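Same chain, two partners: chain A is paired with chain B first, then with chain C.
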Partner chain A sequence: MVSVIEHHQHILDFTISSLLRRKGKNGALLLVYTLIVFILASLLFFTNALKREATLVLNEAPEIIVQRTLTGRYQTIPIAWGERIRKINGVMSVRPRLWGYQYDSVFQANYTLTVPAENPPESGSIDIGSGISRMRSAFPGDIIAFVGHDGLSRSFTIRNILDSESQLLTSDLILLSEDDYRDFAGIPLDQATDLTLRVRNPGEYITIAEKIVQMYPETRPILRSEIQRTYDAVFGWRSGLVMVIFSAAALAFFIFAWDKATGLSAEERREIGILKAVGWETSDIMMMKFWEGAVVSLTAFLAGTILAYIHVFFTSSALFAPVLKGWSTLYPAFRLTPFIDFAQVATLFFLIVVPYSVTTIIPSWRAATIDPDAVMR
Partner chain B sequence: MISVRNISKIFNAGQPGEFTALQRITLNLQMHETTVLKGPSGSGKTTLLGLVGCMARPTTGRILLNGREITSLPERFLTDIRRSTFGFIFQQLNLIKGVSALENVMIPAYSTGEKFSLLRRRALEKLDMFDLGKRVDAKVECLSGGEAQRVAIARALINNPAIIIADEPTAHLDSKLSHEFIGIMKVLKAGGSTIILASHDPIVYDSDLADRVVEMRDGQIVSEEHCP
Partner chain C sequence: MKKFILVSTLVLWTSLTFAAELKPHKVGSRDKCPVCGMFVAKYPDFAAQIQFRDGSTFHFDGAKDMFKYYLNLSRYAPGKKPGDIAAVFVTNYYDLTLVDGLPAYYVMGSDVYGPMGRELIPFTKESEARDFMKDHKGKSIIRFSDVTSAVLKSLD
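This part shows the complex of A and B:
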């Protein structure tokens, strides 16, 4: 047993010394490999974190949202419509919501203003998200002013900084009382932004939505499942932008692996011949090449994954954000909550490390099976 | 004893480039003796050394090592015999560049799984034998021709082989270094090693190192001479 371990250790030592001997070539190889892992892992972390944020939001979302449109554009909805909708079989409750966006030209940021269903701030005070607090250096007790629909400034006292599991949900959020919001946004007392419905039986969602449209043709019911599908379409593996980046990285990886698979340099073949001639077995050569592939690919995998983690969760995906985070309400500063799906990391590992290790073995096996007397000729 | 019985070696058999390197060679090599295979380039010396040293198999015929037939053994057993029984000194030296003299010497023993400290100590002893104690950490490409040759000899000895095989060992050496090589071989011979050399250098086959000189030409043995 001890000799088996020593045997592996000798081969591994020699492998590492071989890798260090070819610093330039292996350094470049490691760099390219790390870059590919970095891109793929960044994509994985980014999309997963966004989807998780979305799921957290959707967990709290109502089953059906009813909006009113006029020539396809959004309008406020009369609260009275909710009374009739409530009478549709299967609808448990209807709640009018008040919310909207506010653009802050000074900080070039969008805020989301919402009247919460429970524990709203009293008139004159607000709760703000951590993103707004960070950006405006505003903390509980401070007075903060926003310009309302009529161009007049309104001051509020900060009651709380929202600290939620989901940054997506709270980063740019402002909670305020109904009276304050109506005054701020200019929404009449009989109107709401939209209506939210609670429906117990998922099998009835579509039927209820159809009945609402029949009742009020200018309404647009939005199902929670439709929102979920939209998120999946935007951030799922098979979505457009993600697929483009993934395909480019995968193509680079296959070109890279193919280059490795198609042969060894003359110097490497000569070395393999020498090792066989002096008494190494074919299995020793294979083991050496396996370790070589494993050392390179594991190092690249770990470095690429760690760099991707830093990129996504500490630099707010600086490289991807301009392309993928297109929704304006996500900035000014949006930091994803660190989240890793280990099953997907394992998938990445098996898709990247294993094929690479195998491709390094095939040409070595071909070289290792030649007669050792080749070095004598 | 190494008994070579009626062996032939054909490269690229059945293909346009077919070439017969050895034809029906029969030869007995005694242990603890030094045999020199002499002959011009292309006479089959290197091929015969390769077959005797378990580096390749003959196309026909058999080779027996101390009475054991080795030509039909699987690759793994041949490698084991090659590693434990033979030490090779190649014409081109075949040292691994970028690696220290010490590690080059240790490489053949890596497959044995021997404890590193013991292996290192033995490798240092071998290098000391050839006055290379101060050059152990030098990369082989930084060594002089003579030093590199001695490292190659030390490597051949690391597994304490019973038989040393050297292919054209003086081909790239000047006369002084060639004589130095002969001196080292004499020391090894006095220590009980069996030595088989292939050379067309008179310094080697005319030296008093050889117990027997086998002359080859066109893949056949043309003469065998026992030296006094």
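This part shows the complex of A and C:
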């Protein structure tokens, strides 16, 4: 057993020193290889992390949201409608929500203002997301002012900085009390932004939505599954765009790698011939070639994956954020929650490392079976 | 046969007055429906259960299978009588909680299918059952004692 390991170790030693002898060529290969893995892994991490943020959003999302429209445009909804909707069988509860967006022209940022269902701040104080806190350097106890719907500025005392699992959700969030929000946004007492419904039985979503539209034809019920589909479509489309750009680069690389891996240069054939002449077995040469492929692809895989992780989760995907995030101009900087799906990393591994290691073996096996005398001549 | 069911239902009624405080048990991940053999925990929206006086509990993946078991105890639970049953629970359609199956209303022939196909959909309130029948093209509302082997056969 020990001798088998030693045998491998010696061959690996030889392989590495032989790789190092041709620094320039192998270095270039490694660089391109790493770059490809880096782009691919960045894409993987980024879309995965975004999808996970979306799932976090949806976990909190109610089963059905009821909006009111006027001439096809969104409109506030009378709270009284909720009482009739509550009487529909299968609706466990109806909650009117108050929320909206606010554009801050000074800081050129969009805020989301919400009245939370539980533990709202008392009148005159607010909770803000970490993005706003960072941008306006505001901390608990500070007084911060926002301009309301009538152009008048209102000041609030900061109660808390929100710290949540998903930064996408809370980065630009402002939580305030119902009275403050009605005053701030100018929503009358009997109106709400929308109504959220809790429905236990998923089989009833469609029936309930139909009944609501029958009851109030100008409403638009939105099911959670529809929100999910929209998120999926948006992320899917964006990652598809990057995929297209990337696939051209990938193709170029594959041709390069295929050429490198399958065709042996005359110099390499000569090397194999000499090794055979000094007494190497065919199996030893194949093992050496296998280790060569494994060293190159594994190094590229590890380096690329680690760089991608740093790129996505520490620099907020600086390189392709403009393509992937449509709202990046609206949101204050946010960081994705580090999240890795091991199944996908494994897929990447098998797509990158295994084919390369295998393709290097066949041509070297062919070369290794040729008579050394013929190769060296 | 019909008389037997009537009597057994009566026995069940009286026995339940003593056991009104029985609570439904949680379905374990390994609990199988004794009638069809499927894992019940995968389909909690239709689950039903029967608790016996000796403390044993059986989970079913729908009211239909629960009735099959109940109407044919000699086959599925040899040695047990309807009088040994302490409580019957079915899943109320609208809020998906386990409720007492005896006073429940069951809608037949609706377009809502359970894991075993056509189902008896249980409701605690008659008004809910009527609304459901209207919404989901149900054919009739029946009570616990109305369920016979013939009725179940029409669902298979």
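A few points about this structure:
Criterion: the second predicted complex is superposed on the first by the 353 of 377 C-alpha atoms of A that agree within 3 Å, B and C clash if a C-alpha of one lies under 4 Å from a C-alpha of the other, contacts with A are read in each partner's own complex, and residues count from 1 in each chain.
Quick note on the criterion: a contact is a pair of C-beta atoms (placed from the backbone, for glycine too) under 8 Å apart; a residue touches a chain by one contact, two chains touch by 3 or more.
Because the structure is a prediction, the values reported are computed rather than measured.
By the touch criterion defined above, A:V345 reaches neither chain B nor chain C. In the superposition on chain A, contact of A:A277 is made with chain B only, not with chain C. Touch counts on chain A: comparing chain C and chain B, the chain ahead is B.
Contacts of A:F14 after superposition: chain B is touched, whereas chain C is not reached. When the two structures are aligned on the shared chain, A:L307 is found in touch with neither chain B nor chain C. Once the two complexes are laid over each other on the shared chain, residue contacts for A:E204 go to chain C alone; chain B is not touched.
Touch criterion met: A:S3 reaches chain B, while chain C stays clear of it. Of the two partner chains placed by the overlay, only chain C lies in contact with A:M92; chain B stays clear of it. Of the two partner chains placed by superposition, A:L319 touches none, neither chain B nor chain C.
Annotation: chain A has no residue touching chain B in one complex and chain C in the other. Those residues of chain A that touch chain B in the shared complex are 2-7, 9-11, 14, 17, 21-22, 270-271, 274-282, 284, 371-373, 375-377. In the complex of the two chains, the chain C residues touching chain A come out as 45, 93-96, 112, 128, 131-132, 135-136. Contact residues on chain A toward chain C in their complex (touch as defined above): 89-90, 92, 200-204, 207, 211. Partner chain A is touched in their complex by these residues of chain B: 46-47, 49-50, 53, 55-56, 75-76, 79-80, 82-84, 88, 90-92, 94, 96-99, 103, 107-108, 110-116, 119, 155, 159, 167.
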